[in-house]
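There's a structure below that I have some questions on.
Chain naming follows the written order as A, B, C and D, and within any one chain the residues start at number 1.
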Amino acid sequence: MGPGEGATPEQNEMAYELGAAIAKEGWTVLTGGREFGVMEAAMKGATDHKGLTIGVLPGDSLQGASEYAQIKIITGMGSARNNINVLSSHVIVVLGMAAGTASEVSLAIKANKKVIFLCQDELTISFFKSVGTYRVSVVSTIKEAIDIMKDYVGMKQIR
Amino acid sequence: MGPGEGATPEQNEMAYELGAAIAKEGWTVLTGGREFGVMEAAMKGATDHKGLTIGVLPGDSLQGASEYAQIKIITGMGSARNNINVLSSHVIVVLGMAAGTASEVSLAIKANKKVIFLCQDELTISFFKSVGTYRVSVVSTIKEAIDIMKDYVGMKQIR
Amino acid sequence: MGPGEGATPEQNEMAYELGAAIAKEGWTVLTGGREFGVMEAAMKGATDHKGLTIGVLPGDSLQGASEYAQIKIITGMGSARNNINVLSSHVIVVLGMAAGTASEVSLAIKANKKVIFLCQDELTISFFKSVGTYRVSVVSTIKEAIDIMKDYVGMKQIR
Amino acid sequence: MGPGEGATPEQNEMAYELGAAIAKEGWTVLTGGREFGVMEAAMKGATDHKGLTIGVLPGDSLQGASEYAQIKIITGMGSARNNINVLSSHVIVVLGMAAGTASEVSLAIKANKKVIFLCQDELTISFFKSVGTYRVSVVSTIKEAIDIMKDYVGMKQIR
């Protein structure tokens, strides 16, 4: 999860690498499915490395969908689809921050989901920790994020 | 799309064969994702024939999900998820009838989606034709359903 | 519940009278909230008789909302909002038929809600009875509809 | 908008006063509709002062609904209903903070809604300002909140 149009080039590059790393583990990348920002970059990284990608789209058609969303779920429910993104994910990795991303982190904490903050600033980390996030991990590299996911996946024995 | 718990053995068998036939075309099966009825049978048929399956679940957890739903979308929105099933599908094949199924057919017609009625009775066909369904096709074999989908997919140039 | 743009003048007139009759009982009219058809007519009838009206809108803004929807719930979720209409109603009265309306009746039956068919044709009645609708009542006048609602409200002790 | 079970007595008292003040202006209080916390307190304050209250509930029945939610919208969609709360409100007043509340503030900013932070701590204010919230106002009394709403309502000419 991360910003769309407002993502920086560095965030997009890191999202691409994260998508690639997730694909190499044999896992699936699920994002908001749109054709820009962290969503598209992560799905492109996974697609380029033979990974599976799912885009859960806000609109009621394929308009605006990223070509790297191999599976496109069309919700027609706008930002309310953010809750589906969160519920459908085993682990949420958060890269960059924006209003939509903040709603996803909040909904993830509400749903008691595992959240990994990748390269987040102190303000973001402090705020969400204050909201009650004992399941939030803070990391600064993709390798650390993958390692935490591996541990977590092992614990949960996800098929 | 079709009944869950109320599906007859014949409907489940046909759903299995339909899922298998869809998989052989290289297409994806999307259903309501639950662990019984036409949903599960179609996904099992596809899975047994190396096809990809998506289950769009009504609950807010994996509880009640079919093991044949390879990709599980957790919506947490009950029957309102029927609209997501419809919007996310290129073509809706309807096998058997129940309240939830009727809502999906209605929403599909509302969304101007292509609908194929497989082995439906006259009453169902007449009712939905009266609702305004020039995009509804009526067939009695899986082969006919697949042929219509092939034509339709060709027309739409779906990737 | 009933058709929007496709409603006949007779249906709109009857919807107006139904809204008026509901208001006279001190009950609330809830509809899909749009600015035409049975939705608007029922809310206008209620408003003109000092009743309260709620419109549960499909869009993500007030655009297209009827001025007779005194309370406007903006869902931003398109036809998936039909499930909210159904869940939020004590009793569903169905006047006229269209794809959206058929989805509401189906969802109401699925949710085990009380449904009253007002002036429906045989085909519609037969179809929904076949879907399993022991809670569906069929009436031909507004007075009968109100009487059934009175009985039902009494039974449920709705505040 | 504010915390449910985790609300402090002070927050509940202030929510009650806020609901009362909104009712005195002739406006409507819309909350998440549950039977505790800031939601219930604000609706009780409004109800006690002859105001109208709407509760947009997460569940699929009346279970857990506050008796002070005069109008109960049953969404059956869990936390995804937070987006409906936000879209349906003219102005969002935020009192206290929790995961669900944070998702509502985020969705409000995403939807470009007017947000008033009442008695929020520096961390919360700083975080949401960093997310991009030029439409967020920060106040420390109910009177200030009401004054901002009056100005805003005047600007928007809300009926």
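Basically, a residue touches a chain if its C-beta (ideal position, glycine included) is under 8 Å from a C-beta of that chain, and two chains touch if they have at least 3 such contacts.
Predicted model only: the values in this text are computed from it and were never measured.
Chemist: Which chain's centre, taken as the mean of its Cα atoms, is farthest from the centre of chain C?
Modeler: A
Chemist: More C-beta contacts across A-B or across A-D?
Modeler: Looking at A-B and A-D side by side, A-D shows more C-beta contacts.
Chemist: Could you tell me the distance, in whole angstrom, between the mean C-alpha positions of chain A and chain D?
Modeler: Taking the mean C-alpha position of each chain, the two centres sit 28 Å apart.
Chemist: Let me have the rounded angstrom distance from the C-alpha centre of chain A over to the C-alpha centre of chain C, please.
Modeler: About 40 Å, centre to centre.
Chemist: Among the residues of chain B, which ones contact at least 2 other chains?
Modeler: Answer for chain B, listing residues that touch two or more other chains: 60, 75-80, 83-84, 111.
Chemist: Any idea which chain C residues touch chain B in the complex?
Modeler: Spelled out, the residues of chain C in touch with chain B are 6, 77-84, 97-103, 105-107, 109-111, 123-124, 126-128, 130-133.
Chemist: Once bound in the complex, which stretches of chain A touch chain C?
Modeler: 60, 75-80
Chemist: Under the stated contact criterion, what part of chain B meets chain A in this complex?
Modeler: 28, 52, 54, 56, 60-61, 71-77, 83-84, 87-88, 111
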